[in-house]
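Please read the structure below before turning to the comments.
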Amino acid sequence: DTIKVGVIAEFSGPFAMYGKQYREAIEAYVAKHGKQAGDHTIEFIYKDVGGSNPDVAKTLAQELLIREEVDYLAGFTFTPNALAVAPLIDQSETPTVIFNAATSSINKGSPYFLRSSYTLWQVTAPLADWAYDQGLKTVVTAVSDYGPGIDAEKAFKAAFEKKGGKVIDAIRMPVATTDFTPFIQRVRGQSPNAVFAFLPGGPPTFGFTKTYNENGLAAAGIRFLGTAETEESNLQALGDAAIGLTTAFHYSAAHGSNLAREFNETLRDRFSGAIANWASVGAYDGTHLIYEMAKAAGSDGPKALEAVKALKWESPRGPLEMDPETRTVRQNVYIRDVERDKDSGLLVNREKGVIATVGDLGWSQ
Amino acid sequence: MPLLLNIAVDGIAYGMILFMISVGLSVTMGLMRVINLAHGAFALIGGALAHAFTLKAGLGYLAAVPLAIVLVVLMALACERLLFRRIYRLGELQQVLATIGLTFMVIAVVSRLLGSSLLAIPLPGILQQSIDLGFRVLPLHRLLVILLGVAVITALYLAIERSRFGARLRAAVDNRNIASALGINTDATYAATFCLGAGLAALGGILGAELLPIDAYYPLRYMVLFLIVVSVGGLGSISGSFAAAIALGILETASRYLITDVGTIVFFAIVMALLAVRPAGLLGKA
Amino acid sequence: MSTQDLALPRSRLRSARFPLLPEAAILALAVSAYYVFPYDLALITRFLVMMLFVLSLDLVLGYAGIATLGHAALYGTGAYAAGLFAVHVSGNPVIGLAVGAAAGGLLAFVSGLLLMRAHGLTLLMLSIAVTLICQEIANKARDLTGGADGLRGIRMEPLIGLFKFDFVGRTGYWYALAVLCLCYALLKIVTSSPLGLSIRGIKDSAARMVAIGSPVYWRLVTVYTIGGAIAGVAGALAAQVTQLVSLEVYAFNLSAEALIMLILGGAGRLHGAIVGVVIFMTVHHVAAAVDPFNWLFIIGALILGIVFFVPAGILGLPKALTDLVRRNHDARP
Amino acid sequence: MQGLEVRSLRKAFGGLTVAEGIDFDLPPGARKALIGPNGAGKTTFANLVTGKLTPSGGTIRFDGADLGALGEAARVKRGIAKTFQITTLFRTLTVRENIRLPILERLGRGGRLFGRAACNAAVEDEIEMLLDQLALISLADKPVHSLAYGQQRLVELALTLALKPRVIILDEPAAGVPSSESHLIVQAIERLPGDLAVLIIEHDMDLVFRVAHSIVVLVNGRILTEGTPDEISRDPRVRQLYLGGAHD
Amino acid sequence: MTDVVLSLQNVTAGYGQTHILRSLSLRIERSERVAVIGRNGAGKTTMLSTVMGLTRLHGGKIGLGGDDISHLAPHQRSMRGLGLVPQTRDIFPSLTVEENLTAVIRGNASLDEAYALFPRLKERRRNGGTQLSGGEQQMLAIARTLMTEPSIVMLDEPLEGLAPVICEQLMSAFEQLAADGRRTVILVEQRASAALAFATRAIVITNGSIVYDGSTDALKQQPELLERHIGVAQT
């Protein structure tokens, strides 16, 4: 029989990149493992939400569940979209794999949520620990003034101060900021050892890193610490300004394992110009979860959930393990520096250190 | 004291970038009175071409930028002949609709061809450096924008607010039929002005890309920003846009320095207050 | 700016003979949609909510000529008000709607006191600024609104104690349709009332309205408040049906799309708003399903086509066609 | 005294003074004309009285009450109305709807939310009457923008008459109306209630002489003289500054 | 061979689909002074704006000095010597008085000429175009058209709103212009008396058609004709 999976993601609009990456990753997975999961044929149905649109997400989920009778849902880049479907998946007992949305508390919205990506706390707290251990004792945080940014600020501060470090200033930058100079100047004025930044991808990240560089912060010995800022799909656009930025994240396309190389190659072979980043790997591992669930339980939601709640497997990002409590994967967090790769001439996130298997540290916050 | 100096320096530098990216709109919307929401689309095309020329075709910055602008002007000319010539005569709401429709199509084409991620336009080495002002550093690139901004405002002031061409253009905008009946070639006047606006959009898009990076959704993302500058400046006045851009640049920078937390709210509240007191904008003609 | 010859003597005659013909037809279609698309009720419900929103914009913009790009402020405020009411006070949907209407109306009234003094580009900007300020406040008040994560925890009680909001969305559909009909009727009354005539007068010539002794400013504030209340109802309805409110209710896109839909259908007549929504959202939905990557291009082309070939909106199509036929007829010697 | 009383009225636009020390009375029932060279300040005077412009000095009283603080609309409510020199109409509305608006407004119904605008028999009758008076019946259901200019001038007058004002200021009501139809205007004025005060600003001397009982001559913002039509047409200063050789 | 400068052949024109002018034919010779009269809405303005190219020509031909100009844009017609003073004046509001003139000035025309004709305008030359009084706007509209040095001046009710003394001056100025052979003047005027006093030839339009075309004197002799077509008996 056929098991249907509805993927709700962005295939149009400013975030269309995500949908494209999910799809490519799913197809790469299917290419490697075939359409069969156990006795079942897996079929994916893609739906476009176009951005953070909870009402559209809910409508699409309803359509998928009622008309297409899907057995699993997947996708979800933005938190509100995921939250909007919580009541539906509760009622229909549909396991739903989140490929990206990174707010810890989503999984509290329904027991049917599983997350194959990461949470903000998961990558931020280890970064703070590591920074302290590197001898960075004073930090200024500069985050975009919206939910995820503030979560990141809190996570960093909690972890850093627990270690004994000091956050000497916490700047919240309005989301609509285009010129970051004032904030960068403010950071500079306080001469911390490092600045911890959190910005939404795209233009803000571009603007912030540019300004960080142009105003000579690196030269003044103020290090840049971040998380997703140097992710691969925008990395080349940042240009030389990105070199030397330090980030902690769960995935780097330059991860050294064979599985990672293979994943990259599959993607690149199948789709010209495809770039692997954390969204691709989130979808790739999410697809793995769905396959495992389908294999074990077909279309029986609760049983499927049971089957994978402590699943362990090796992913292109490293070893993964489902946490039965938080339903978010436990994974390695890597400390990376941006470098220009000698062979390809491209910028890469070079892994410099590993913080082994971290769970969702934000769950109990 | 250094704080005030910082605000002044950064505010003016930012204001000048605001001016450069919105002056084209001030020409098409302010002078020609077309609600031209496609302004950003021309900036986007300029930026996308510059991106393709530098990164894909390997041209140098100094060759790529003028080439991109020239191409945008040519495209604008074609666009004017095919579409805008008819758009001028429509009602305001229809103009909104038509130019948004056009913008959608440009976005769709750019994202089809170049994807929806950032389209970087790498600066040449010299422009990436910074100069030391003594109390702080200023990126050289911003200095260039300031100088170009001054050049543009001077040229436009002379060409439009002080010249016969300007008077003929304003006459044509006030009443096309009558202007035409009095011997003004309104079609040509409009076409020339429109191309000027589009060329300035492209120039502003490329130069402003260091702060407002180009990507396919650029025209929608920054539409409000362009509109704010033009409306605060006042329709029909290039010097108004200039004054507004600098004022807004300083205002925004000051709010970022001084009242980070409620900066956005205060910024818009001040813009509202300003427009409430001066509904025609800083230098607008009522 | 050019004014379209909107009032056609002939169509006036026709509508005089069958005064509610277009409305009856639309209602029949809406009811039959329930049976024809039983699996798409959620989608159709979104259509209905959007119709309500665009109708309120039609009153404000189509009739009174208040050019705003900040209508989402009223919608969003209605949505948050109804959402917060449901979370903290009561899950009664009807009272929730009233709260949404009150919130939308109140914001419209307060902001209208300033906005109605402006016009043209200044008005556009002011209305956008109001929306951005609302959005920033909602973003800042994270503890109350959930910020970027969205306001959750909205649970609705059964409608008038009888009908549970079901999984398939049947109750939601009928509920939205009923609310839409009520608001439509209200708008029908308002637009043909003396107030309705006087706002059309203001749109044509505010100077003359003043000269005949009309308190133009207060008329505009009144109409804007009514429009705000209806937009608030639309927002509240969306909040209740989705059971989540996110910051996107204040998105600039929402205002802009509503404007597009309105002009697409034909501003200044109520059924124009309905037709515009159906066309835009259907094209959007179908195009996005068939080819999400290019749907924007299709929408853009559709908009351009409409503006150029039927500038009075889709409802102007019959006239445009007859004109075309007659012109061809004329061309023959 | 009742009616309109203007004392030492002054108005300057920047450095240009267009009204200076104007004393002017318009008692109920008056039929006065205001004439003067182009740019003398006639329209400005009318705008000061209706409240469209704020005076730089002086007072305007109506029935003893100072109008200084009242806005334009409030003065209309008190009964002071004017026609526009440059036609200002509701262009997309029909002639009938154009006239309906001021009537509803006058009756205080303009802001009503309920009840159809077009369903009050008394109002509709009044519209019919006005249309008839100005020979506009055949155009009643045409949108105003499709009317010829001269026809629009008649609608312009109809709008103001519909307000049933107590003081009516007609700013060049006959401009653009052919001589063949200016009798309609004369008749409309003659038919106005006897206690209504009329001030007519007009360059068509035939019309002025037919309507006005008294003529005020304004030159460079100051009143030059006031008198009966006879006196005025014989006054050599007026002839030189304004009338020229005609109207002997 | 007469010197025909402007000719209309079976001109049909109007707004949108409605015909206002119905198959109108007309020939005007150099330095003629023509008065066009007719009731409200007869189509006088429409005729002038059709000649200027501002109203859509549905059929027929318009000739200027021997060339067919039916398909030329208004500004090209202006370049060939047509000039129109619009009935609605249409001053450019965002230009000052002086700019209104300089924006269109060409050939040997000079501002001084305009200011000599209308001293009032000189006093107001820094004013915005719409800050003028009604009559001043009318003066500006006339002066503006003269700045384009038209060989055929079409005036659409130019006397409207002007003080009687100015009207007299203006009419004599136009008589002079026509007399020295530099200009052909077509005057649309509601005040039949003024128009007939000025013109040598009269054209009466009713319902978009010409019902009388002949000398002014002959028309003056036939009060019943005037009565019939424009509803006013000459007194």
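Some observations on this one:
By written order: A, B, C, D and E. Residues from 1 in each chain.
Just so it is clear, a contact is a pair of C-beta atoms (placed from the backbone, for glycine too) under 8 Å apart; a residue touches a chain by one contact, two chains touch by 3 or more.
The shown structure was predicted, so the numbers you read here are calculated from the model rather than taken from an experiment.
Among the remaining chains, those touching chain A and also chain D are C. Minimum number of contact steps separating chain B from chain D: 2. Taking the mean of C-alpha positions as each chain's centre, the chain lying farthest from the centre of chain D is A. Using the mean of the Cα atoms as each chain's centre, the chain most removed from chain C is E. A straight line joining the Cα centres of chain D and chain E is 29 Å long. Here the spacing of chain C and chain E, counted between their Cα centres, is 49 Å.
Chain geometry summary: the mean Cα position of chain B and that of chain E are 43 Å apart.
A straight line joining the Cα centres of chain A and chain C is 37 Å long. Residue positions of chain A touching 2 or more other chains: 13, 16, 145, 174-176. The multi-chain contact residues of chain B, meaning those touching 2 or more other chains, are 111, 220, 264. Across the assembly, chain D contributes residues 146 that each touch 2 or more other chains. Residue ranges on chain C touching chain B, taken from their complex, read 1-4, 61, 67, 114, 117-122, 124-126, 128-130, 132-133, 136-137, 140, 252-253, 256, 259-260, 263-264, 267, 293-294, 296-297, 299-304, 306-308, 311.
Across the complex, chain B is touched by residues 52-54, 73-75, 77-79, 83-84, 86, 90, 92-95, 99-100, 102-104, 106, 144-145, 148 of chain E.
Interface residues of chain B, counted against chain A in their complex, comprise 6-7, 10, 13-14, 17, 111, 115-120, 122, 128, 130, 136-137, 139, 141, 210-213, 215-217, 220-221, 225, 249, 252-253, 256-257, 260-261, 263-264.
The touching residues of chain B, when paired with chain E in their complex, are 164, 167-168, 170-171, 173-175, 177-187, 236, 285. Across the complex, chain C is touched by residues 11-13, 16, 19, 47-48, 50-56, 58-59, 62-63, 66-67, 79-80, 83-84, 86-88, 91-92, 103, 105, 109, 145-148, 150, 174-176 of chain A.
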